[in-house]
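For reference, chains read A, B, C and D in written order, and residue numbers begin at 1 within each chain.
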Amino acid sequence: MKKLKIGIIGGSGYTGGEVLRILAFHPKVKITYLTSERLKGQKVSQIHPNLRGLIDLDFSSINDIKDKVDVLFICLPNGVSMNYIDKFISLADKIIDCGADFRLEDDKVWLNWYKIPHQRPEYLKKFVYGLPELNRERIKESNYVAIPGCEATVSLLTLYPLVALDLIKPYPIIIDAKMSSSQSGKNFSLATHHPERTHCVRSYLPSGHRHTAEIEMFLSKINKKIRVDISATAIDMVRGILVTIHCFLKKEIKEKDIWLAYRKYYKNEYFIRLVKQKTGIYRYPEPKILWGTNYCDIGFDIDKRSQRLILIGAIDNLVRGTAGQAVQCLNIMYNWPENLGLEFSGLHPI
Amino acid sequence: MKKLKIGIIGGSGYTGGEVLRILAFHPKVKITYLTSERLKGQKVSQIHPNLRGLIDLDFSSINDIKDKVDVLFICLPNGVSMNYIDKFISLADKIIDCGADFRLEDDKVWLNWYKIPHQRPEYLKKFVYGLPELNRERIKESNYVAIPGCEATVSLLTLYPLVALDLIKPYPIIIDAKMSSSQSGKNFSLATHHPERTHCVRSYLPSGHRHTAEIEMFLSKINKKIRVDISATAIDMVRGILVTIHCFLKKEIKEKDIWLAYRKYYKNEYFIRLVKQKTGIYRYPEPKILWGTNYCDIGFDIDKRSQRLILIGAIDNLVRGTAGQAVQCLNIMYNWPENLGLEFSGLHPI
Amino acid sequence: MKKLKIGIIGGSGYTGGEVLRILAFHPKVKITYLTSERLKGQKVSQIHPNLRGLIDLDFSSINDIKDKVDVLFICLPNGVSMNYIDKFISLADKIIDCGADFRLEDDKVWLNWYKIPHQRPEYLKKFVYGLPELNRERIKESNYVAIPGCEATVSLLTLYPLVALDLIKPYPIIIDAKMSSSQSGKNFSLATHHPERTHCVRSYLPSGHRHTAEIEMFLSKINKKIRVDISATAIDMVRGILVTIHCFLKKEIKEKDIWLAYRKYYKNEYFIRLVKQKTGIYRYPEPKILWGTNYCDIGFDIDKRSQRLILIGAIDNLVRGTAGQAVQCLNIMYNWPENLGLEFSGLHPI
Amino acid sequence: MKKLKIGIIGGSGYTGGEVLRILAFHPKVKITYLTSERLKGQKVSQIHPNLRGLIDLDFSSINDIKDKVDVLFICLPNGVSMNYIDKFISLADKIIDCGADFRLEDDKVWLNWYKIPHQRPEYLKKFVYGLPELNRERIKESNYVAIPGCEATVSLLTLYPLVALDLIKPYPIIIDAKMSSSQSGKNFSLATHHPERTHCVRSYLPSGHRHTAEIEMFLSKINKKIRVDISATAIDMVRGILVTIHCFLKKEIKEKDIWLAYRKYYKNEYFIRLVKQKTGIYRYPEPKILWGTNYCDIGFDIDKRSQRLILIGAIDNLVRGTAGQAVQCLNIMYNWPENLGLEFSGLHPI
């Protein structure tokens, strides 16, 4: 069988590296090129040391690309791909953009959160929001997919069934996110310097998290009154996100009803696992056992004193939060089994 | 000047070790004994290796104690000291209890949260809640002080001025606490085994945290409608707590008003620092730079979209959260400078 | 094609869990049972949380096993399997023992290092030392394989070519091993309690490391004068070993000659990578990018002042150091591609 | 009593910050200024967040300094202070240089290891090597002190008594150093980026460590044949060094003889502790319990198979390895108690 040709734009960063790692073992694709303007000509395995001996490829410049590929994965910083979108479209039949540029539907909302005018608002409607379990049909039919942000991914997967079944109040919905260092990418600074960043419990975004925009965009299709309040705290972890979502039940219900809500939406989903054990250590979701995997683990607790519902969601931000979800979308777009290339189970202990 | 004689009951644990470390350098006291039934006769420095060469003392059994001391520090697991309180009172003029047994005023509330009947409810009124900045006058006049729980300490210090000035709604007040491993003490289990506990972001108490009781007890003196909802997550850290408190402003106010509220209560407090910088890495409180110190650092942010007020409090759970606060109370009880023996500034980088 | 039937004895520990994880995705085998006397009847995924939703299996008791399997993996503490070896042999055609009991050839050497008499010395000659790259032919022909210790694995793979080509002096050969917490298994104690074990740089075995015996046994087949001196230091890491081996060149040679020595032995080996870059961050082997993989990365440096040769070897102790190597041996025993089920590339960043 | 006036040159880095932290609580000195050309005019506590509320000082430019101080602490990168030494000498009576520029006695040795010509070799003889326990008399008489490197400090303190008493062979003496991230200072890069530097066990200097020069300089005064071979491995730790020194006994001796050797030199030394316990967790030195302290803990083991002597030394690189040792030298120069300002005991657990 002829393999699908893949190009990766922006291959030197963490997202590009993860897309590369996953696709290198994907049985149905072949990586045609991987670009980095800065590292043009260098060996890929010097930058992604886990791929030593596995990938014999040099970084290319985008200017050297002649031939079209089937699918282009774009792994660029926010605000960059919208400036080159025509070029990218000329290079491939399908585009999977891992950045934020085409996630929102409304350029005024973009401006409000990203503080720069959107350069190509006409494309916002052409891209589909790439959240597989909740938007599968549209992804299947689309050529252009925008992968959700990592924090939005885990928050939406965790919240959606409860909002859809109208079990929780539309506000307050407080997302207290515990974040790892890889989510801000490869750009180093004093803030990411090991002696400063280690052991930190850093309230880097008590308010104003940009993923608020896409979460509210997606949930408001069900309930226009929904408002989510995010606070993000960076902890001493390289990979992973845990969100603790504090919200309130509309009326007193039983644990069983929450289970049923999740089962209704995720019963047959390979990548969603409900985690709520009465005993053991790993009674609720934990990001560390998800490192390298595409799972989203979801758990919950009801605080009976206040009818507070505590939802707990965990993912690996670089896999389920970006590169793995991008490959899951690819699999959907081509009607392949959704977990192709994404079977890694995660490690324990770790 | 004659030094005060101090006894420490339960000297083998983390709290006892910290009380010992601090008092060993306190200019006005002398440690007369340190008990551990299990380690009786062993060198203290074998158990507290940081004190090698500094303290030449063996663990005693409580049965060997003959003479009264001036002050007894009790560092026992919750639910133990109430069974021996008469004995302890016979051993010293003043008692500082670092456990939970005498923190609450009402034995029905105790039963509700600790699930065992209180053995000596008549003592609940005799102990004063040892939260220095907010209860100083009562501590000064009392012989029996119960040191607040670590999570309650940082939450109360952070919330109090806003509740007292009626700036926030009485609920929801959501305390999302990030906890370290030392807070559960020296008892090891599979859950604290290094390969399991490392890298964890563990929702070990999404609801039901016992410190809820003392926080609500203390705040309800101002406003009976107050309700706090705690979720505690264990992260990969040995010392320190960070609380992110999500609450809502009663009416739109300015950042300046929050500053004023804190200044009104803490302007002259040595151990409370307001931390809210526009630039730099340490813009908000962080526990790591407080390791070994008695500070409580407090910061905040206003989420203007929702009038959510995000309060951020940080302490070292073993110092400000227990042993240091106990020594601060000792200093108050004897009218000594409040920071005597507690001057350590903390380290950076760390 | 009919799948091979596999039994795992001692499935609740870290080694058993890793054997299970790897074999669960191995295309040619099927796990028939997994034993744990203590956890009999419990769900495997409660103990190995990374396998939730992937494996639907309960722990069995060895007493309930009726039918023979093709291959038995034994994952028991040292000194246990020799007491049950007849039973195990009755249960399977082939045995792969991950413990130390059958690694040494001489029961007097066993007694000397393990301090208990060997119960079944007659089996020592029947087991083959399962170090694939250096003992492949014997593994292929054998039904009984003893997997080398983790520290011995990385040390032998790193040292062998230089000893075999007589490039280094037979002593001193100093192995300074940096060890992770998972290598001592699942048994918790105060020493492994998170507040004690975290941040440690603990000289837990400055001398007397038992793997000395197997390393010298294997190398002495080439040069009887070889002596290795091991010091093991536990660092704050869950998985992985790095050995820094200090030895001395017999005569002045060039870097190129060291390269040639390694290439002679490992040129076609999938799991051995020579890592020595002039630039970049990952210039020498590092265990973290090997987590979950079966690679052994090897590097070196020549200290020209003293003709000291510094060899650097890294593995994941639970994969290449135990479970992965066991599966690699399985693949050899059945003439399957050696990397079957072991293709995971490792993650970066991590 | 009038306090000594202190200036600190290069106050924005980790060494300058630690000198400042220690001296801020030193009863006999007053900090007159702290320079940083880049941060001139900024608040010191914004850069050293642990000193918030404790120090009200702005960074100065060296160009604004008018008045002489009693002592100048120089905390500049290697190779800088030699270019400004005349200026510095004009600013103070005494100079304590925390950098490498004046540690070596011979400018040819400097050139050999630091690869740039020494600009002012005539000053090399004027500076005294500031290793208190082994060079106290010369420090006392000198106005110019060069503080040893961190790795040299712990290695020399650990090795000296055995070399002086001629108990070990002059080579091989292999120093396997486990290093933390703060030792390379505040300059950030991709190599120190949290996702890259975390979990690393990085052989960053298998050979060629510059501190070799000062260690051999100091030991060769006793035995000209001494040669030390250093390999340095960076581990996931912010503060601290552990050296594992592998050397060989000249003749078979008993443990007791090693104890006697250390006692002969260090019996009355406040800051040197011999750590070798038969039981407990902290049987040998460990850097973590030394964080913030000026101790050097030393332990050892004899490998009887090979007459290998394993020496284990631990310090906090920023305190005993730099700033604390500098203050210890200050105390010696003024005949103050040597531990003035350096009494902090370290924390446990941590």
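Descriptive notes on the structure:
Keep in mind that, in the parts below, a residue touches a chain if its C-beta (ideal position, glycine included) is under 8 Å from a C-beta of that chain, and two chains touch if they have at least 3 such contacts.
As the structure is a prediction and not an experimental result, all values here were calculated from the model.
Comparing mean CA positions across the assembly, the chain most remote from chain D is A.
Should one ask which of C-D and A-C has more C-beta pairs in contact, the pair is C-D. Chain centres here are Cα averages; for chain B and chain C they lie 46 Å apart.
Averaged C-alpha coordinates put the centre of chain C at 39 Å from the centre of chain D. Taking each chain's centre as the average of its CA atoms, chain A and chain C sit 36 Å apart. Residues of chain C found to touch two or more other chains are 14, 182, 190, 195, 199, 236, 238, 281, 286, 349-350.
Across the interface of their complex, chain C is touched by residues 14, 181-182, 186, 188-190, 192-195, 197-199, 236, 238 of chain B. Residues of chain A touching chain C in their complex: 14, 17, 21, 24-25, 46-54, 182, 238-239, 273, 275, 277, 279-282, 286, 289, 291-292, 297, 318, 343-350. Residues 171-172, 174, 176, 178, 190-191, 195-196, 199-203, 206-208, 227, 229, 231, 233, 235-237, 240, 242, 244, 246, 248, 281, 283-288, 299-306, 308, 310, 312, 314, 349-350 of chain D are the ones that touch chain C when the two sit in their complex.
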